[in-house]
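Working notes, structure below.
First chain written, first letter: the chains are A, B, C, D and E, and each begins at residue 1.
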Amino acid sequence: MLEVRDLVAGYGLTRVLEGVSLDVTAGEIVAVLGSNGAGKTTLNMVLSGLVKPRSGEVRFAGERITGLSPAQVMARGLIQVPEGRKIFPNLNVRENLELGSYRRAKANRAKNLEKVFATFPRLRERVAQAAGTLSGGEQQMLAIGRGMMAEPKLLILDEPSLGLSPLLVEEMFTLIRRLHGEGLAIMLVEQNVAQSLDLADRAYVLEHGAFALAGPAAEVRENPELKRAYLGL
Amino acid sequence: MTARDVLPILLFGAVAALLPVFVTAGTLLNFAIFTLILCLAAQGWNILGGFGGQYSFGHAAFFGTGAYATAVLQVRYGVNPYVTFLAGIALASVVGWVIGFLSFRSGLRGSYFALVTLAFAEVFRVLSNAVPFTGGAAGLLIPLNQRAANFQFESRGWFYLLVLALVVVALLLTRALERSRLGAQLVAVRENEDAARAVGVDALRVKLSAITLSAAMTGAAGGLYAQYFLYLDSTIAYGTWISVEALLAPIIGGAGTVFGPVIGAVILHTLAEATRMMVGRIPGIDLVIYGVLLILVVRFPPRNLLPWLRGRR
Amino acid sequence: RAQPAAIKLGILQPVTGALAQDGEYGRLGAELAINEINATGGIKALGGAQIQMVFGDARSSPEGGTAEVERMQAEGVVAVVGGFASPICLASSQAASRYDLPYVADVGVSDAIVTRGLKNTFRFSPGFGSITAAALDNLVKLNDAAGKPAKTVVVVHEDGLFGSGMARLMGAELPKRGFEVLETISHPTPARDMSNIALRIRALNPDLIIPSSYYAEFVLLSRTLQQRRIRPKGIYCVLNGAASNYRFVREFPDAANLVMDVNHWADPRKPKTAELRRQVEAQNRFWLYNTPMNYSAVMLVADALERAGAADRAKVIDAIAATDGKFDRHIMPYGPTRFVNGQNQAGQAVNTQIQGNDIKVIFPAEFADAQAVFPWPA
Amino acid sequence: MSFLQIRNVSMRFGGLMAVSDASFDVAEGSITGLIGPNGAGKTTLFAIVSGFQKPTSGQVLWRGAEITARPPHVLAAEGLSRTFQIVQPFAGLSVRENIAVGAFLRHRRRADAIALAEQVAEQVGLTAELDKPAAALTVSGRKRVELGKALATQPKLLLLDEVLAGLNPSEVRDIVPVVRAIRDSGVTVLMIEHVMQAVMNLCESVHVLAQGRIIASGTPAEVVATPAVVEAYLGHGAASRLSGGAHA
Amino acid sequence: MRNFPPEIVMEAVANGLLTGAVYGLVALGLTLVYGVLHIINFAHGALLTLAMYAAWVAWAAFGLDPYVAILPLVPIFFALGYGVQRLVIGPASRGEDSNILLVTLGLSIVLENAMLAIFRSDTLSVQVDYAMEVIEAGPMLLSFPRVVGFGVAFVVAAVLFVLLRMTDTGRAIRAVAKERTGAALVGIDVGHVYAVTFGIGTACLAVAACLLLPSFYVNPRVGNAFVLVAFTIVVLGGMGSVPGALLGGLVIGVVESLSGLYLGDSLGQLGIFVIFILVLLFKPTGLFGARA
């Protein structure tokens, strides 16, 4: 479904990604791990079209999407829930969610809204509150909810558990599992290494702009190098 | 401040001071004097807007106060112009402090601050046009009396050197500010006021210091203007033209850098002068060209083309 | 014989910015004069030297005027004519004085222009004091002649130099001459709305309205008065932008008819005036006072050049100062020219009235080409 | 006498009680945890303690004296410093300059402030990024800057709002000793944290806030065993992991 | 202070309301552009002037009544605003707010002087037979063109309000105002939304121009007279708020009218600015409190 080949990207004079290749096939959960600053978010930004790659190719559902605008990428069903949430602080919760289906799945808006509210009852309680005044965790729920409104084919989650209480983290992983169960392909960027690996089918470990490790999640988990570097064991 | 901080400024002063030696053409001296006066006004704006991030659209309020104080006190009360010039600076900084106190205390930021300064300048303009002691709508004429003791010089060269000296002082002050605690705190307030407060920056005090200093510099520019052109009215003193001039130069040349306003003012006025030459049968064409060049300068900023112009942070 | 070197003459006008309209018409006048001089053999005393115009845009600001004077000086002009607005005239004549460069102000009415003791500065036209004095005298004469129909007055003025000064004077002088000033109303330029002024006037119901505004504002005012059906016994303008402007007469004949003005105006009895007006209208421009005034000021310099016999600044200054009644190439309704401290003592404003499709001079009698219609027929 | 006392603090936003009648103490020299579900009012409480918001009612006492609603910069000067959950860097400035702003609080001279900033940067592991603009840092870098700025004010009480969020387990492991070292240098720490691994490791006592109220207080071990806390905050999975495999 | 008979005061208030609605329309464009681009559009006045010239040309060259000219001018000015943002302001400002400021400033210089070059400095007006008509409302005489202006301004404000609140485009406009990256990620074309916003703001000016022209005049600097008032209104109404702009316009219209009546038009301006400063100092979110 998603094929990334030899992607090189960066900001100004610095190169962040130095030839990254990765695949996500339909219905699978892929975890992308890596220390801080490894370039995970940059990779997501390139996939979503917000950062233009210097070379390399991205294909989605068989179509080359390198260099497309974020709107065009998004319209094809590749949806990202970004790091730092990027919700619309001046709009209320409902409006935020409705804009999730600005370019996709507009017809099913009401239905999907219900679905999101069912997933995050807290959001229903806050429908008319300006999103900027939500607590950190509530904002994270809103961001995920907004992503779901677009009926993604592939959902990229950039550190979705950031700032969530352990209970909610657990619920979130349950949710990811459920979405996955419904056939959704997910690319999960997480610091929560142990739980991500439990969930994922396959995993990539990004280091210094390139993948140092890749393979089935179970194998990656057992890799001693990973244990040392990321699990603090 | 180290020698490295001060040297470029002194060098600039020294080189610029040679101008009257080589150039006697009134056109150029007149141009240089006017540009330097605007440099001073712009440096004032830069302190508050560039370093402090508080964009003012009403620096005319300070310019005009400096100008009117300089003129009114000598015309109406016969005070020596050098004294009235200093009084103008003092009065402008008081006005700066008061406007700053009112707006910063009520938490005005961003465009709200910009608009309130604009409104203050307008209030001053309307008032100065109506009250008698500013000469009202008829304006105020400083009697011609070309003696150095009278802050009017037979030869323009002297006036030029005096303005240049003041610009150098302003540059040194800005550099000192940049290197000081106040400067660091000011920049911090610009970047993120809440974060600055959290690490112990008294944002109100810092901003008030900045606006006071800023107003003083721009007020000095006003005083020089009055003393040079010897005529003032409400639109000259408090008109939007000077508020715009004051912000244009630093933004073009690099806001929040010591040399930004100077570079910007020189670029802008050279452009203006150059296009002025093109005045043809149809009025306005030259200004159309000027406007287009202005947009192009923003699009391709000279500070990007010439990185060394950028001025060290 | 080789053609003598052209003589450069600086023409300074604000053709951009707030005063652009006036500057345009001023430049037109100067151009027409220069063309005429050149077409009729140039400056004869200088072997028929042609006059070359060095034009400068004062950009509606004093510093703009100053910068242009500097440039003209660098280009070696023999004199500068123009300025239009008082602040521009004040600043630029002073800049010119550094170089002993003769400066002839075209319009600038501030009396400070000729009272600073600058040797180089002249004004051919009347200043503020003499204009307003004439305005008052003529008003009294007009009212007396009509049997004193007007007793109460409302003064409306723009809040700049012209308007405010005029209003202050009217406030002080009118009561001495038997008029009651009910109210003095000022407005900014540009003004967005005149309904309030109209309302106040309606409430006060004066016999006479004395407005002093720029073109657009007066048009707005008179149209609003018309719309609100406010009809005093007369509208008597002083130094007004519109009541001496043919555009107003053409576009709003109903509002314009019978409005009076005290202003600069060309002498309607001189054949040259009509000829010049035809030339201007042939260019699709309207006939405004700026044009004849600049025409006349340029002629003044040309006359001085003839008498000086040299394109030498000091000699030109002396020659202008010595101008006398023999100077007759101007087209203003002035008596014999005589300069005292740079001011032409004969310069005077005249009363005009819009009558039908035309602007007529109604005062003083020796220049008048029509009878005043006052009070307005009901 | 207690170091920091929070007395019956309530905060209302329109119809919402973000904090209601919360009271607890922080002992001098301790590392105290404040945990609770999302939206419980933890950050709001920090904003109140640090002077950014004025509580609807209640008091904050600092070494016995009331400091409620004093402006933040005054509190910072008195030794009370906070970090922000949504990091607030001086985006256009370099890391060095960012931290130096904090250092200027107690050092008038530029050289001194810069020296202290560099020292603090080392402490929080930012030496390599000193010249980078703060805006170009990754999440963890920004969190460290946040910590560095606060530390550079040489506080007596440090309020840390989720500085560990976004760090991977090994980075969390790296930063735990940093926090401990801060405490050992004489700074009292009050931290909001969802990373229970760190809370268990670091804190001597923990207060749990839920829907604006304190629902439990005690040692980490006590608190994670409290059923109400498990119910509202931890969930059973985390609770069993913590009590089972606790390697504290 | 002078005492005016009640019918005069009433008429002053009515006039203020009528004029204020059109001010509100001018402010509407400004508030919208401000809300999204976060910058004060210095070219607003020049664009208004341009629209007035356009309406004048429509009348002088094509004999189009100014009210009829609204129909072609609104789409034309929408396109113009769209293009200006897309092709000039956007690229030239490179995303920095202070640059947008300069670019709009440059644009205003270009426009104002281009109009000077093309139309000369003369003051132009249209002559339509209804310009002098009045509607008698009790003892009051209300200018017909102003009554029309009042009505149309309300309709435009209502349309815009609905657009911003109820449509996705409107929500997108508001979303982009605060969170550009987030907007891009939900598939909003940020550049397009900026341009649409600028286009709408400019289209508002086209309407305002057509409403003003029958009773007003046009010269190359006429727009400036309205910009300062428009700023006041925007602040009064809360930046970015559509109903605020209209209400603010009405309030300012009445304030201007009454202070003009009692203090004279010159000092009456002072009244507006003092109110402006007080509002800024004590209720900077605006009288009609748009959410911060």
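Following the convention adopted for this analysis, a contact is a pair of C-beta atoms (placed from the backbone, for glycine too) under 8 Å apart; a residue touches a chain by one contact, two chains touch by 3 or more.
Treat the numbers as computed from the prediction; the structure is a model and nothing was measured.
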Between chain A and chain B, the fewest steps along chains that touch one another: 2
Chain A to chain C, fewest steps along touching chains: 2
Inter-chain centre distance, chain C versus chain E - centres from mean C-alpha coordinates, in Å: 36
Whole-Å separation of chain centres (CA-atom averages), chain B against chain D: 44
Length of the line joining the C-alpha centres of chain A and chain D, rounded to whole Å: 28
Multi-partner residues of chain C (at least 2 other chains): 15-16, 20, 23-24, 159, 188
Touching two or more other chains - residue numbers and ranges from chain B: 126, 129-130, 283-284, 286-287
Contacts with two or more other chains, residues of chain E listed in rising order: 113, 116, 121, 220, 266-267, 269
Which pairs of chains touch, using the document's own definition: A-D, A-E, B-C, B-D, B-E, C-E
Chain E residues within the chain A interface of the complex: 168, 171-172, 174-175, 177-179, 181-189, 291
Footprint of chain E on chain B - complex, ascending: 55, 57, 102-103, 106-108, 110-112, 114-116, 118-120, 122-123, 126-127, 129-130, 244, 247-248, 251-252, 255, 282-288, 290-292, 294-296, 298-299
Residue ranges of chain C touching chain E (in the complex, touch as defined): 15-18, 20-21, 23-24, 159, 184-188, 190-193, 195-197, 199-200, 202-203, 215-216, 219-220, 223, 226-229, 247, 251-252, 254, 286
Chain E-facing residues of chain A, complex: 48-50, 69-71, 74-75, 79-80, 82, 85-91, 95-96, 98-100, 102-104, 106, 130, 132, 146, 150
Chain A residues within the chain D interface of the complex: 11, 33, 35-37, 41, 83-84, 122, 133-138, 140-141, 159, 162-171, 191-194, 228-232
